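Worksheet: the structure to be examined is printed underneath.
Each chain carries a letter (A, B and C) given by its place in the written order, and its residues are counted from 1.
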Amino acid sequence: MTLLKATDVAAGYGKVDVLFNGHITVEPGELVGIVGPNGAGKSTFLGAMVGSVRATSGSIEFNGQSIVGRKPEDIVRLGLSLVPEGRAIFSDLSVDENLRLGLTGRRSKEGASAAIKDVTDLFPVLTTHRDHQAGMLSGGQQQQLAIARALVSEPKVLLLDEPSLGLAPSVIQDVFGVLGRIQQTGTAIVVVEQRAHLVMSIAARTLVMREGHVRATLTPADARDEEKLAEAYFGTGEDEA
Amino acid sequence: MSIESSSAASTSAALPSSAVPGVTRFHWPELAGPIAVVVAVTYVVSSLGASSSFLVQGTLVTLVMVLALQVFIGNSGVLSFGQAAFAMVGGFASGLATAPVKIKENVLSDLWEPLKVLSMGVWPSLLLAVIVGMIVAFITGLFLMRLNGLAAGIATFALLMVADNIFFNWKKIGPGPQVLPQVPKFQFVDEALALAIIALVVVYFMGISRRGRLLRATREDGLAARALGTSVWRLRVLFFTVSGGVAALSGAMYSHHAGAVSARDFYLGFTFTTLAMLVIGGVASVWGAVVGTLVVAAIGEVLLRLEQGVEIGNVLIYLPNGARGVVIAAALVVMLIWRQRGLTGGREFSLPRFRR
Amino acid sequence: MIQTILDALSFGGLYGLAALGIGLVFGVMRLVNFAHGELIAIGAYLLVITVPSLGLPAGIVIAVVGTALLALLMELGVFKRLRSAGPAVLLVASFGVSVLLQRLYEVIFGALPLSAQVAPWMNGVIDIGGTTVTRGSIVTIILALVLLGGMWFFIDRTTLGLQIRAASSDFQTARLLGVRSNRVIGAAFVFSGILAAAVAFVAVTQRGSVDPLFGVNITILALVGTVIGGLGSLQGAALGGFLVGSTISLLNAFLGNYRVYTYTWLFILVIIVLLVRPGGIVSSKAAKERV
């Protein structure tokens, strides 16, 4: 059964919609990418999925049940977890406390310590800095913490909003390298990125969004097709909205 | 087929907005409506007798204060608890300037000499009050207007506390804990009415002016406000200053209404009542200020009568003492929850539109 | 001299408790609860009404429960419906609730003070190593230490406390992790109610009576403490409250005449702190954005 399915989702802030027509399907264990320029509505789309942005229309189903209008704290317990843009770690709290907060979203209290161990195995740097203030970590380490924190609730689908933002290239390699291992545990991943090349080669499918609409769906093969890429990204030949 | 509003004195579409300074989009019913309502209420209620006339006069004084709040809070979107401080300043300035010199010499012996001998007519003293109020508002505004949202609210609250502390204790500039008595009263309710109309006109034009519209734009969008930088600060200082002047006028009017003035006349209760009136009526418009003041004052009067006991048929109905205060406070809270924009929805007065 | 120091410490502790009560709610909701004073007042009213007939222990239990319930009621009845409102609306709302409660107390209990000897032994003196000190000051200090210590333990060592800290830091992200917003906010209100009850106990034993405006002055000063100590920081709030309380106590003891202008200096300090360092004395990086 399709894990996550969104159709015709519109969402925005206040009276203004930013996303008009979002759709996506995610099967178990898949990695799906969403790319597009600034203001395309990618973050809004993710926000609508987890309930932190109000969806004004459309349907979002997780494991067959509709989750539109539900609160973020309930959705995470269903198994859909978001790592927000800019990492959003609690800088005043310690790394350990940040991780423990991630446990709040678990469906059951059992296996909590095992979960923590699993993520610290994935990201050894977190063990080193276990009791340090999270705000003192480097950008890359904070990104790892943010991902680890979301993983601790053992989500079925992990949403990542621009994980490469503000990170040095070598660090980005580390972070993206981990994604494959996460997939192996059976967790599906949706990665939103402005830098398409990071995602396209590893994603089963990549959606290209522009100005609130999904314009194209590309496969890894298309990643080498410059023309197709430009068409999707910039819409050459179409009128400006 | 839709019909355009017939009353717009609009600018030519060809002119860029910067070529038209000051007033834009003046719709005369928006100003005439509130004025007409205020005038009508004043004369109708005054005709009922001397005590009713006194009541209306008091309501007009409060209306001016609510307008003072409206011109600042309504346009800038920034909350201020501090206007009562300027009312204090105005009340003292006008009261001291018009109270008999003999009284000042006997009752307020610690008063600064120039203030003791200061003497002028009521109307010049009103002007004095406005000027002093604007100066104080300007100076404090220079600092306070750098703050946003919550910080502004707390800082202006602090301003009120400071003003109350100073005016309540410093006998050199005012009566201190005492009451300043024998302030000449208004002879006719028309005087207060005229002043209220002046305040209405000033506040209305401030609101629809280009600067007013610019300031309102920053109200909606904090990011835009930051992007505009110092201009926002300057606009806020301007509107804060005008607000201070109008508040001072209200305070001055109060002194000639009650015939006496003291520091505690303009403290938390006064701040609460006027703020409640504005919120209930609608923060964003002059019509909201008028509606809020009249509605709350009217309800307050009805409840006051009920507290004193009213006979309906053979039954004496009365509310417990203090119920009136509860109802007004509850009305404010309910309004915030249910309809933040107030009774008027923040809209100005408009004539019913006729559709063919 | 010893008494002066003890007075300063006890006053400081008292205002630290009051400021912490305000700070707790502010942390999770960015709401400055003017109505906190009315929580203190209801605590005092309950004590005054129940202690003479039911005895002190029962009276205390009733006061604590009653105050916590009122706090929860405030949240469920008013503030919960204003979750998405901006800071200005929240501020006006809390002002409104505060005045509403004051006037309700006037209708229910009357405008005149109600007196009762809640704990007369508080006003007695005890002998410690040769010097006589008031029991009240000692009890207050102990009470403040116990409560502040208890709160510290709760906030720092328990899961719910961790959730409150996270919610205070970044409410939205906390929700993304599964922190139940309503539960956390409700807990903050309940604890602020408990702290208010403690303040009520000390204050009403000192004053011997309660009236509708009982909590107003304490709240205003506690608010000063919260701002000076840093909006958004719980330790800052407690510390700020402590400083304000102990400073006022010392000023009263040493300055005599000039204390009339204490409020002026305090509030000018508030304005300066807001202008220059909104994070207050215990400042953290994120403080500037919060206000």
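For the reader, a short list of remarks on this structure follows.
Everything that follows uses one rule, which is that contacts are C-beta pairs under 8 Å (C-beta built on N, C-alpha and C of every residue); 3 or more make two chains touch, one makes a residue touch a chain.
The structure presented is a predicted model; accordingly, all values stated were derived computationally and were not measured.
The central chain here, found by comparing per-chain C-alpha centres with the mean of all protein C-alpha atoms, is C.
Among the other chains, B has the CA centre that is most remote from the centre of chain A.
The distance from the centre of chain B to the centre of chain C, with each centre set as the mean of the Cα atoms, comes to 33 Å. One simple way to say how far apart two chains are is to compare their mean CA positions; for chain A and chain B this gives 51 Å.
In this assembly, the C-alpha centroid of chain A lies 42 Å from the C-alpha centroid of chain C. On chain B, the positions that touch chain C within their shared complex are 77-79, 81, 143-144, 146-151, 153-155, 158-159, 161-162, 164-166, 169, 268, 272, 275-276, 279, 320-323, 325-326, 329-330, 332-333, 336-337, 340. Partner chain A is touched in their complex by these residues of chain C: 159, 162-163, 165-166, 169-170, 172-181, 284-286.
Taken together, the chain A residues at the contact with chain C in this complex read 50, 52, 71-73, 76-77, 81-82, 84, 88, 90-93, 97, 100-102, 104-106, 135, 149-150, 153. Interface residues of chain C facing chain B in the complex, by the touch rule stated above, are 30, 32, 78, 81-82, 85-89, 91-93, 95-97, 99-100, 103-104, 106-107, 111, 216, 220, 223, 227, 231, 260-261, 263-264, 267-268, 270-271, 274-275, 278, 291.
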